[in-house]
Amino acid sequence: MQAEAVRGNRLTGFVSGLPPVAWILFVMVVVFSFASPNYFELRNISNIFIQSMPLMLVAFAQTIIVLTEGIDLSLGTQVSFVSVLWILLCQYGVPILAAAAITVAVSMGVGATNGLIIGKGKIPAFIATLGMQYVLYSTSLLLTAGASISFSDYLFQFVSETKLLFIPLPVWITAVMFCLTWVMLYKTRLGASVFALGGNPDAVTLAGVNANKSLIKIYGFAGLLTAVSGLIITCQLESAQPIVGSGWEFEAVAAALIGGTSFREGKGGIGGTILGVLLISTLKNGLNIARVPSLYQSAIIGTIILAAIIIDVMVRRRRNG
Amino acid sequence: MDETILRVHSITKRFPGVKALDNIDFDLKRGEVHILVGENGAGKSTLAKVILGAYVPDEGEIFFEGQKVAFKTTRDALEKGIAAVYQEFTLFPYLNVAQNIFFNREPRNKLGIIDHRKMERDAAELLRSLNCEYIDVRAYVKKLSVAEQQMVEIAKALSYSPRIMVFDEPTATLSEREVESLFERIHKLKAAGIGIIYVSHRMQEFKFIGDRITVLRDGKKIGTVGINEVSDKEIVKMMVGRDISQVFHRSANVFSGEVLKTETLSDRAGRVKEASIVLNKGEIVGLAGLVGAGRTELAKLIFGVDPIGGGKVYIHGREVNVTSPVHMVKCGVGMVCEDRKRLGLAVNDSVAWNIMAVSLKKYFPRFIIYYNKAYDIVEKYKTQLRIATPDVLRKCKFLSGGNQQKVVLAKWLSMDTDILIFDEPTRGIDVGAKIEIYGLMDKLASEGKSILMISSELPEIIGMSDRIYVIREGRIVGECKRAEFSTDDIASQMLGIVGDAHAS
Amino acid sequence: MKKYLDSIKHSRTIYSFVGLMIMVVISSLTVNKFMTFDNVITIFRQASTLFILSAGLTATILMAEIDLSVGAASGFIGCVSAQFLKADLPVPMVFLLGMALGALVGMLNGFLVGTVKMPSFIATYGVSWVLAGLSVIVMNGAVIFGLPEGFTWFGTGYVGPIPVIVIIACIIVALVYFLLHRTTFGRDIYSFGFNPDAALYSAVPVNRTLYAAFILSGITAGIGGLLMMARLNAADATMGDAYGMQTIAAVVIGGTSLLGGEGGIVGTIIGALLLTIVVNVMNLLGISSFAQPMVVGLLILAVVMFDTYTRAMQEKLIE
Amino acid sequence: SSPAPKTAQQAPAAVADSKPVDHSKLPTKGIGTSISTDVKAKKPYKIAIIVKNTTNPFMVKSIAGTQKAAKDMGFECISLSPARQDSIDDQVKIMEDAIQMGVNGIILHPIDSNGIMPAIRKAEAANIPVAVIGTPAAKETFLRSGVDYTETGVLITKAVAELIGKKGKLIIIEGPPGAQNAIERLQGIKTALKDYPDIQVVASQTANFKRTEGMQVTENLLQKYKDVNAIIGANDESALGAAQAVKAAGLSGKVVIGGFDGNQDGSAAIKSGEMAVSYNTDPFGSTYLAAAYIVQFLNDGTKPPKFFVPFPSALDDPIINAKNIDNYISNIAWWK
């Protein structure tokens, strides 16, 4: 009996210790399952996952940047830029995988440039990346003359439609990137500097770390994640859309914050971000499946996301006393 | 080669508005503890940081083991084996203890992957050597107490296996037990031939661990002496630059009527416990206590910055509902904060607007500002307090510490409140400015203003106060009138010990 | 001398002004019809919405906060007001309601930032998301047009050779200038922006000031939305979208620092003019509109970098 | 010199046979809100109408057209729109959601010809017929309806050219760069202009289908080209913006303005003389027609006579001008 009581306590302890986003997500899934019969089906769940992968990667990128007390407003346009660059290179006759590699490298370069402007140039991240956002937006439009551009290759279909052990390839790719990011964050010095920069930037320098170099690497790593996101969305749309990623940077911040990452003290991590992104995709998908008129959807989504962030802020404040 | 491990030759370092170090010579031998003392702002931390590569000196040279070195960053110094416990908080709240201790030096494999297990083992061992095995190496630093955090800072510095260690006020936030462990460790380091630079204000520590002592004042070196060659009194005299009696001037005053009274005042965090104090018209009341005793917390409660947990505040005999500084200023209370740059001033704003910050609504109750009038007011206080600035529109960050403090005082003088709380009013300013401020406080009191003064400098608090409250761990533990003042008594009350084992 | 207690003399606005002058000279040389009276009036007329929207925003940015909801709020208020006009409410009433609605939006932002203590960046973005969604609902997918003459006059009418909307913009800018630079409220904003903690200890009513700044930003967003609609003689749900980031660009290019305290409304006007001239000139030169955001982005980076550089230089000099 | 980027222009759908289908062969009668049909659904099918956004009346009336069709024919209409206006990846997601909901047919306004293809393939794999309206998909689907954009461009340009006496200066206000329909329409305009060598295009700039931008661009251009004779806006909204600017510049009556869509405000402008011509693009009727074809197919497998059934087409007298405006407003207009 006593053992049971202990276990009960542990369970309630575990449950009440869960981040608020887990709760909201759970409630949402229950509500949608009741609201529509074909909601809780494997195919739909799989849909939600596939649909959220590109945003998920951008949200990982945004999370590590927010952890450094930064922000990257150019992530969305980076996705578009990557997509455009890849297809363009293919159209010029570069082999598709080589083109992808070049694209990834360029994207990391773009990220690193952000880091350079912020660190060396001592420009607030908000402004530096706002400038970069405008520049990349223009670049993508100029490169494509504003139109979507396409290239046909079996690779696109292969990536977006193959399943390995019942799990679609984009999910695998994202999982791999998650592991990579996780290892970077928790198992390398760069990762430690992410939390350190957000927690106590002056002390980073005192510890003999070149903070500017770290920023360049961190934003460069974000560029890597965005690049993969751009490649996946290109495969999913089998074409490059010059403005496809616009606005993702904000959804990504929202996901990170809903997931418990905070702009202060280097607090948070990418685990919560997964839930944050899933919350946003579940919401969008559920509203459609439950046939909520599209007219009302945008306002509903906005309100719920705002509410989720408020709840997260409040609950954590209460927990920390 | 002689046993000097480090030599600093005519170092000068300037900051906007101050010469923090002026032509300083300094040396450190193997296996010695070299103590650096001086008043707040004397330049101790700056000297330490120059040695550590955190600041690049404007002039001068540094020799490490006879070799000239030019550190550009702390990394350069760390590579030579010069590590430090800084005065500031240098930990990262959301990294764990082990990660903090080995930050940027984590053991890793060829792929760059950190070996957490080894790191945690090493961290635990280090902490054990400091008698701190109770600190969980996997806990976020954020969750530790202030003292525990300080021990982690010390462990972090030790983990570099340095050849020179710099301790900048390491004991300020430690309890006795931890101080003992630290000293034990310092003695071991000494025995191992490591040179130690030790910055502290606590005189009683000097004799216990020190070998030589260097006194700084206003960025200048006053002298270096063997620890056994001087008395505490002489050290104080070197620090202050003149006899204490010359510095403090207090006119005899008659006090009439209570202006401020607190009744069992407590905060919510438990740092202030049932404090009852009284302040009379025309009186200067000192609040003595160790760093962390809760003096600032009490002041913040009275000024309405922090929410009150229990108790009452009376002003002119009437109970007031302490809600916010806005309200307390209306009730006639003003506060000069201890942290000038963070809380006292908008350093990027001009002198003029800083002076007007509080009193603006008093002079311009109808919302609209008339520049001519504002300008006249600013000029008046600039002249009255002799604030040295070529232009009242100059940003405060370009002023020296003393002048900055005068700006803060001008801000409150222009508001003309009856009650003033001065928290460390002379921290980090030169002696000249100090004397001016003491004179001003005396004048204010004789004009019938009441002052509650918090200070960590006993001579100052004894020299200026009409009455003193001693506060320890959030409680008022003693009260004495000017006639009964005795350094010994007050110090032992502050420390919570009975007897006279302490320096006079 | 006494006059210059005003912070303008000491702010970086001067660099933005030099930038504007350089731009004007280059434009006059490259575009032959640039310095005509008509074109100047056109530029001002086009910039007037931006003037109004970014005027209130300047106050929030001076406090080191940001209001990303300006564009969405102006669009939303425009949409709601269009419905009011359709319901035959009198024009002055619609203006009042529009401003009240703006104040309400500002209050919501103030609540989230000041009371809930969310970062303003994300709070106002959330609010803008909700408002954009509400605009869609309010319009129900329609475009409202054919607004009463008495109303569209504010957007399209002229007093002599000067468009009414330019006059209104100037009045609002003057009012905000007065508020920011000549009142105790304005000083509170600056105090807060320079150092919120010091402001608290200086008995500045910090939360009230924060609310007030967001409310100001909401009200100007409301007026901007109304005039945008009057100028277009129509309202649609997406009309405010373009202004979300453009207003911030105007403020930043005008030399107001996102770190708070530095800058002011004069800079914002210059920033807004610069942005408008860039678009105007690119149109006149027939340059692809795709390149416009690039120019804006580079302008933002250039201004801020130049500012940071000169600041560092000045600090060295004073030492 | 670089090869021009390959755009969806080269996709097969765009070159599909776009000859109008004889009225008598259509399953529907009439046009605009008066459209009707004899087709009845044999089962209560679920048919989804997926639009680009919910802010444009054109899209909203597409939904309305499907809803009327649902009532007339007896099926269930599900309307969906991207949460982020005009976002292609959101549109792909809602296509997938629709498939998940088990719809029997989809009527779709694709945001992008190429980007929508994977989603269309998924629908087809699930045996769901997809009828596209307006912007075509990159490959042939069950049906394409709505207007032939190239044709609209040609016809409006001809109408404008005749009104200015086949010579003079012309400003083109383009649609959103890259938007399929805008590209085709511009193509049509340029094709038609080949027949009018005396008409000179002095400027061609984008206004993104928006009234504000149409106004600003025109304001700026009018500084330089005060003597312009005509302006063609890529849709009514941008043309209305241009009209606003022309009015503000005091050039009312001197500039012939043409637009496309025949929307409510555009119609009013034609009536008041501020605009000269527009083209009835009838979203209401085209989705209704698409729905009728889908229901026929679901009933008994009947396929449309060919892939692209333009509607309204030249046969429907789509040009709206001062002469027929009253009839258009009272009997035909899709926006009522």
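Labels A, B, C and D are assigned to the chains in the order they are written; within every chain, residues are numbered from 1.
Definition applied: a contact is a pair of C-beta atoms (placed from the backbone, for glycine too) under 8 Å apart; a residue touches a chain by one contact, two chains touch by 3 or more.
The shown structure was predicted, so the numbers you read here are calculated from the model rather than taken from an experiment.
Student: Among the chains, which is located farthest from chain C on the basis of C-alpha centroids?
Tutor: B
Student: Using CA atom averages as chain centres, what separation in Å is found between chain A and chain B?
Tutor: 44
Student: Can you compute the centre-to-centre distance for chain C and chain D, using the mean CA position of each chain? Integer Å is fine.
Tutor: Chain centroid spacing, chain C to chain D, equals 35 Å.
Student: Can you check how far apart chain B and chain D are, centre to centre, with Cα atoms defining each centre and the answer in Å?
Tutor: Spacing between the chain centres: roughly 73 Å.
Student: List, in ascending order, every residue of chain B touching at least 2 other chains.
Tutor: In chain B, no residue touches two or more other chains.
Student: Identify all positions of chain C at which a residue touches two or more other chains, and write them in rising order.
Tutor: 136, 140-141, 290
Student: Can you tell me which residues of chain D touch two or more of the remaining chains?
Tutor: Residues 54, 85, 177, 206 of chain D each touch two or more of the other chains.
Student: What chain-chain pairs meet the touch criterion?
Tutor: Pairs of chains that touch one another: A-B, A-C, A-D, B-C, C-D.
Student: Can you tell me which positions in chain A touch chain C when the two form their complex?
Tutor: Within the complex, chain A contacts chain C at residues 71, 117, 121-124, 126-128, 130-135, 137-139, 141-142, 145-146, 250, 253-254, 257, 263, 295-303, 305-306, 309-310, 313-314.
Student: Within the complex, which stretch of chain A touches chain D?
Tutor: Chain A residues touching chain D: 36, 38, 41, 43-44, 47, 51, 54, 88, 91-92, 141, 143-151, 156-157, 160, 233, 236-239, 241-242, 244, 247, 284-285, 287-289, 291, 293-295, 297-298, 301.
Student: Can you list the residues on chain D that touch chain A in the complex?
Tutor: Chain D reaches chain A through residues 3-9, 51, 54, 78-85, 87-90, 92-94, 96-98, 100-102, 112-115, 117-118, 138, 176-180, 183, 206.
Student: Which bits of chain C are touching chain D when the two form their complex?
Tutor: 33, 36, 38-39, 42, 45-46, 135-136, 139-143, 145-146, 156, 228, 231-234, 236-239, 242, 279-280, 283-284, 286, 289-290
Student: Looking at the complex, which residues from chain B come into contact with chain A?
Tutor: Touching chain A: residues 52, 54, 73-75, 78, 86, 88-95, 99, 103-104, 106, 108, 112-114, 116, 142 of chain B.
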